[in-house]
Amino acid sequence: MSFPLLTATALTPAIGAVATAAVPAARRTVAKWLALLFSLATVGFAAAVLLRFDTGSGADRYQLTESRSWIEDFGVRYELGVDGIGVAMIALTAVLIPFLIGAGWHDADPPSLPASGQEGPREGEAPATRRWRPTQGFFALILMVEAMVILSFAATDIFLFYIFFEAMLIPMYFLIGGFGDRAGEQDTEEGQARQRSYAAVKFLLYNLVGGLVMLAAVIGVYVATADQLPEGTFSLQAILEARSAGELDFGTATERWLFLGFFVAFAIKAPLWPLHTWLPNAMGESTAPVAVLITAVVDKVGTFAMLRFCLGLFPEASDWATPVVIVLALVSIIYGALLALGQRDIKRLIAYASISHFGFIVLGIFAMTSQGQGGATLYMVNHGVATAALMLVAGFLIARRGSRLISDYGGVQKTAPVLAGTFLIGGLATLSLPGLGPFVSEFLVLVGTFSRYKAAGIVACAGIVLAALYVLILYQRTMTGPLKPGLEKLPDLRVRELTVVAPLIALLIFLGVYPQPLTDIVNPAVEHTLSDVDQSDPEPELPAVEAAP
Amino acid sequence: MIGLLVGAPLLGAAVLLVGGRLLERTGHWLATALAAVSLVLAVTLFLDMLGREGEERALHQHLFSWIPVADLQADVAFRLDQLSMTFVLLITSVGTLIHLYSIGYMAHDPRRRRFFAYLNLFLAAMLLLVLADNYLLLYVGWEGVGLASFLLIGFWQHKPSAATAAKKAFVVNRVGDVGLSIAILLMFTTFGTFAFEPVLANANETGEGTLTAIGLMLLLAACGKSAQVPLQSWLGDAMEGPTPVSALIHAATMVTAGVYLITRSGAIFNAAPDAQTVVIVVGAVTLLFGAIVGCAKDDIKKALAGSTMSQIGYMMLAAGLGPVGYVFAIMHLVTHGFFKAGLFLGAGSVMHGMNDEVDMRRYGGLRKYMPITFVTFGLAYLAIIGFPYLSGYFSKDEIIYAGFSQGGAEGWILGGVMLLGAALTAYYMTRIMLLTFFGEKRWQPDAQGHEPHPHESPLSMTIPMMVLAVGSVGAGFFFDSGERFVHWLEPVTGLGHGDSPVSHGTVALAATGVMLLGVVGAWWQYGRRPVPVVAPAGRWITRAARRDLLQDDFNHAVLVRPGNYLTRGLVYLDHKLVDGVVNGTAASVGGLSGRLRRVQNGFARSYAVSMFGGAAVLVAATLLMRAV
Amino acid sequence: MNDLQAPDIEWVALSPSLIVFGAAILGVLIEAFLPRKQRYYAEVAVSTLALAGAFAAVVGLAAGGHASGEAQVAGMGALAVDGPALFLQGVITLVGLVSVFLFAERRLEPALHGASVDSFAAAPAAVPGGPAEKEAVRAGWTTTEIFPLLLFAVGGMLLFPAANDLLVLFIALEVLSLPLYLLCAMARRRRLLSQEAAVKYFLLGAFASAFLLFGVALLYGYAGTVSYSGIAEVVSGEPGAIEPGLAGTMGNDALLLIGGAMLVMGLLFKVGAVPFHMWTPDVYQGAPTPVTGFMAAATKVAAFGALLRLLYVVLPGLRWDWEPVLWGVTIASMVGGAIVAITQTDVKRLLAYSSIAHAGFILAGVVAVTEDGVSSVLFYLGAYSFVTLGAFAVVTLVRDSGGEATHLSKWAGLGRRSPLLASVFALFLLAFAGIPLTSGFAGKFAVFRAAADAGAMGLVVVGVLASAIAAFFYIRVIVLMFFSEPKADGPSVVIPSPFTSTVVGLAAVVTVVLGVAPQYFLDLAGQAGVFVH
Amino acid sequence: MNPENYLYLSALLFTLGACGVLLRRNAIVVFMCVELMLNAANLALVTFSRMHGNLDGQILAFFVMVVAAAEVVVGLAIIVTVYRSRHSASVDDASLMKL
């Protein structure tokens, strides 16, 4: 057995989390640097994964596989392995986290510290909260989430995936509920705390319910395998092989129920209308880095799992559900965009924009074409980076003014041109301007969808216009026009903030101009997925032409 | 080589944007230099192309594979044929001139560096647009110029009007872009590719229905970019941008991209007559629409904008005519590029001297103060109204002739419309001339109370104007002599000959006639007696025209307001309904809990009752199970 | 009538319970003969040693193969020494041992008149606040009788799941119950509540055991014997030797069904399943918290053991009769417990209702009449008992001037004041909620999987929904502890003696280990899945 | 005479006891009713052992009596303490804990 690369990739942040949490209360900065260090180490390992991954035509579907026995009694094995999609997602996660840590550098400083730019220490708790270490906790939790996300991207054992899929909720929950930017509509400390915990509980309950429904389905899968195969198993590969060998057949009704069990969980995680309402609260109340963590990393597990598990395990059921899912996705696209237009709160606006984008991702996945699914995968990556750029800059802005309301801003570009510029670029990426990453993926999704469902493709196109509207309106209201009172002294991006944003923008441009490395990794995996659901791309009307250029 | 053509200005933009403070002093020179570089490149390529014969003239360059996914193969590849060459020359030359002009015009603007960065960005995008060899890459350029225009229109962001105009322009263009993207999707599903070669080559093989659909979608895109009805509303507001921008983007180059698109896709339109008819109608309508608006505006730039729309209407119409018209559409496009740019630069120079005053009713008699501007502007004016043997005369008359040559009623209608348009053109241009340069001075101190001191602009501004003036005078004759332009473009666009009921000569005569009519009319109204500083109420048509024929009111009533209501409604529903259902369930469970709680009333005996009852049920159920 | 012969007793096989009972009697003697000052130490020592010894004995027996191959029926068919019995006895002895530590904790209460005291009444018999009590307090007395009582209870619990005939079942029930009734009444603070709890528990308990006894009588009437195996034979219809006298009642199914139902009801009462659960909240709240912890953990284990044996050994023939009924009880317990818990405001009551819901989850495993079912239940019981114990141990530590601050509102911001304790408690809550990587999840999964395997997918779905509801109130507590501002006059966390610290630590460790690497214990439970007949 | 009648009697006694538990307030009386139920069970046991002609039932009965005695000890102890502290033996008065 070769060096367990995937385990190492996931273990690094986990260790980092423990180490960070162990740092004594007074040594905040140490904790921060420690966290950053470990997240960078993770990037190193992820890069190794990227390099070791063989994209050749003859290569295995799942690579870097590891398999150890864990709980035989449940038929659970510690099975890791990645296909191209998994690699892409792991890379995205690993790359984003350091930026989030850098962006959240001061988010978790206790209010008593001047650094966080908050009012003075609150009286009467200095001795009581002596052992209270929010900063250490914040970064430790982020790393913990990273570890779990990476594991769920790498898990090829359904049960293993489920465990981390569920477990990551807890650290996320504390991140959302514990560390809001103190800029909500509620002006009292108390009121904000209430809103935060409401958002956190909502997040947890939504996802927990989804997860529990999935648990039932997971058990169902085990039972089904148990009475058809020599012994029950959770191993994705084993099940796939058995199915292709014709030894395993869930039977139509069962398969559909199981599919629903899985799909509901994933649809909640990657908020799909009408299960989306937790996202705006969660993203609105939490600090910008956490918001990014939610939408750019954690939610991707949902869409990723649709590709890997829903389609892989239940092809017929997926096919059966496709029409409904497509409609839901379209509704999400339009609905999310329209609601984004109606928001008064910058972060909630971005949240609804994300809902719209997740609509695109799901649309691509269920279009069942290689362009669609390849596009969806690219979309996951691009949307992650783009939202990170936009949301982080928005976070910097909000931290400066202490308000999330769009109406509190105006003419910012006068005092902070660089901030405005980066914000604009983030926005343009969000409306998928050609030349930036998201365009490629959005176009692929559209092509993929259109070539199978013309009407759906055209409806989705309407989303493009709406995206332009909400992004540009946001930009116009906040950045242009006469300077709003209270912003005269607004400082421009600091070095730390610039170093966080600039690479993201560079990445966006690179992905937009030369996505080929990514597509090379993703394509084979997509082909496999398509063959799982035995679908193939529809032929063009004039096949003769294909040979032309 | 071709890549470099796009790369140079792109590099400039990047350097200027990233470079920051360092380049405040030198930035604009760098930008201009890079624009010049691409001009030089263009010229060399042009000469090189002339060196080759007919078919070999077209060049291809494949840079790298952009998006390879299964059957979908999108490449970054360029195609330089006569059509592209024409545009490249126009863009680089006018572009360079306007860079030069801007050095003077923006001399005092603190954010000059950014301005030039954006200009370079625009050049790059525009060149990409005309050089792309597949529709997707063209789309990139297409949106790229949109972005540049957004940035430049909104360059003076502190003015809310400017910011709004910028947003409006981008969004309206986005609507058009959707058309283009749908067209691309259709091409992919039909031909399995969207590169020019295979698509255009096989256009005839597929059903006319599909082609009509593609054509209409392309037209939608063209309408967005070229400000044709019904997507014309943004162009007027776009004049909020600095004047050089209006000259370069919103007169000479970007707005003509629509014409390029349709000419480029000629093969598709030729096979889809219905689509062509729509193009013609759009062109005709816009032609008059713009002209009417142009007649009523007192803002010099808005008036010129109206004229731009109308002129592009001509081109559209010509392009709609098919092979008969393509060549002349492009020809008019080029000449128009020269004289319209000249006009705008002139207007800019005037404003420069008048404290950025734009209301023509506050000008008057400026010819004494700024002679060079007067002369250059005047020449451009003569060119646009089609004064015999100046540029406009050739290009426009050819289009009118082509219109007649449709034959039958259609021919007469088109010809008539275009003649009417010509008359109107003459009218509003003369009006501008009179109001600006003739009559007595009408300007007063502005709000701050300083009197404008009209003066001639610096050389960096006047030189480009002179060059353009030369262009507007000579270009037409140069192109037309020996059908040079026709032969040049024929290999790409093809050439058709309709049978016109009237001869060339007659058309020329008629055109000149209506032109004179328009001039006289304008003089009758504005030349004879002094012009009131405050515009008279005017008749309903004037009032409507001042409001751009109510286009904004229409959009607002039909799109904006319902849209707002829709979003507000949805926000409410999302909170009350979608969220409400969830919270409702939670609440109801809570309520149930509260009710069940009461059973636990603390009395041991009632607990005993529940136990006893439970036992009874247990026994009963067990017996029942046995019974059934 | 053949002449009497002395019964032969397998002393070794019975050693665990014998050790405990012996120690209990020794404890009584200590109370009688040692001076007050030394009793406490003597009692603690004795009970600790006894329970440790008993645990060792259990392990020894298991290692000796009594759990699998060597499984036997000892004491002339009175007691079974087999896998389930030993596994549960092991759990019970451990829980008992840990509970001894909780009982022995003396750092929490402020020292009175120089004497450090535990959380039990100085003179339980005296009137609260009366002169006698004051006197006792001044004298610094403490009720060291709690230790023998604990031992007796443990002894009863050891017999309960091992009981192999109805007589022993009844005796064991009483032996484990009576000491508990008394222990409930002995809280040092809030004595009225404590006594009320005792009364309710006692009356209802006696009521229930009366039902159970009548059930015993009917079964005896049906089968003519009290030994499980004998009854099982008659039920399954191949009685050994039919005596003529039996003819009248033998095989009268009415007797069998009614008797069986009453028996089951008696056990469900101890388990605390709806609708026999109503004593649970009051008793849990009123009893001294260490006792509550012990009760909640150990009683459930013992009672479920007995229930399993009854259903699997005596009544498998009746499966089709009792299974649907138990389905009903299961669903009622899961849903009812979860729903009512939502609106609770007292930590101990909250945990009580959650224990009801958990009784439902465990029943889901019981209903699946398979070997997997048994072992999943065993595992769940093991995991659950330690989480419960840990949770109640934490409750004992959060105190204000009025003793333990059990009202939830007082727990606000605990996470700020003492993050460590709050996190541990959060861990227990998450385990209750069945979040992955905690023992609760492993247990829940095992039980649900067993149920699903046995075709009870319906139960699984309901159970899943119930746990979703349950999750809500566990999370409410976490929110309270971590996300709300600490109150100025909030409770403080007492630094306990090593006793309680050990308990909390152990419980936490077990929770995590059973969550992350449950394989070993699953194997254990798996091997212990077979009942001896 | 037919031993089954004793069974009916015992069933009757048991039910009476149960009803007593449900209806009476005084803790002592309630407790006595429980004792009644136990003894009803005893009667049944003895009767059955008579019918089956084996002694198990009677042995059981003896055990039950002992247990009942033990229960009395514990029960009375508890009830008396409660009576002392709140001067009432009513079950319903002991209802501080509810909901």
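As written, the chain order gives the labels A, B, C and D, with residue 1 at the start of each chain.
As a working rule, a residue touches a chain if its C-beta (ideal position, glycine included) is under 8 Å from a C-beta of that chain, and two chains touch if they have at least 3 such contacts.
The structure presented is a predicted model; accordingly, all values stated were derived computationally and were not measured.
**Student:** To reach chain D from chain A by way of touching chains, what is the minimum number of steps?
**Tutor:** Minimal hop count between chain A and chain D: 2.
**Student:** What chain is the most remote from chain B, judged by the mean position of CA atoms in each chain?
**Tutor:** If we average the C-alpha coordinates per chain, D ends up farthest from chain B.
**Student:** If I average the Cα coordinates per chain and compare with the overall Cα mean, which chain comes out closest?
**Tutor:** Per-chain C-alpha centroids compared to the overall one single out A.
**Student:** Tell me, please, which two chains come out on top when C-beta pairs in contact are counted per chain pair.
**Tutor:** So the pair of chains linked by the most contacts is A-B.
**Student:** Could you put a whole-Å number on the gap between the CA centroids of chain A and chain B?
**Tutor:** Whole-Å distance between the two chain centres: 37.
**Student:** Hey, how far is the Cα centre of chain B from the one of chain D, in Å?
**Tutor:** Their C-alpha centroids are separated by 97 Å.
**Student:** Report the inter-chain centroid distance for chain C and chain D in whole angstrom, where each centroid is the mean of the CA atoms.
**Tutor:** So the centre of chain C lies 25 Å away from the centre of chain D.
**Student:** Take the average of all CA coordinates in chain B, do the same for chain C, and state the distance between these two points in whole angstrom.
**Tutor:** 80
**Student:** Would you pick out the residues of chain B that each touch at least 2 other chains?
**Tutor:** 586, 597, 600, 602, 604, 608
**Student:** Which residues of chain D are in contact with two or more other chains?
**Tutor:** Where chain D meets two or more other chains at a single residue, that happens at 18, 21, 30, 91, 94-98.
**Student:** Mind pulling the residue numbers of chain A that touch at least two other chains?
**Tutor:** Residue numbers touching two or more other chains: 205.
**Student:** What chain-chain pairs meet the touch criterion?
**Tutor:** Applying the touch criterion to every chain pair yields A-B, A-C, B-C, B-D, C-D.
**Student:** List the residues on chain B that touch chain A in their complex, please.
**Tutor:** Interface residues on chain B, with respect to chain A: 17, 64-73, 75, 111, 136, 139-140, 142-144, 147, 150, 154, 157-160, 162-164, 166-167, 170-171, 174-175, 177-178, 181-182, 185-186, 188-193, 195, 197-199, 201-202, 205-206, 210, 563, 566-568, 570-571, 574, 578-579, 582, 586.
**Student:** Mind pulling up the chain C residues that touch chain D in the complex?
**Tutor:** Contact set of chain C toward chain D: 124-125, 127-128, 166-167, 170-171, 174, 178, 181-182, 185, 191-193, 195-200, 202-203, 206-207, 210-211, 213-214, 216-218, 220-221, 224-226, 243, 245-246, 248-249, 281-282, 285-286.
**Student:** Going by the contact rule set out above, which residues of chain B touch chain D in the complex?
**Tutor:** Answer in residue numbers: 597-598, 600-605, 608-609, 612.
**Student:** What does chain A use to touch chain B in their complex?
**Tutor:** 205-206, 273-274, 276-277, 335, 338-339, 341-343, 369-371, 374-375, 411, 413-414, 417, 421, 428, 433-435, 439-440, 443-444, 446-447, 450-451, 454, 457-458, 461-462, 464-465, 468-469, 472-473, 475-476, 479-483, 513-516, 519-520, 523, 526-527, 537-546, 548-549
**Student:** Can you list the chain B residues touching chain C in their complex?
**Tutor:** 586, 589-590, 592-594, 596-597, 599-600, 602, 604, 606-608, 610-611, 613-615, 617-619, 621-623, 625-626
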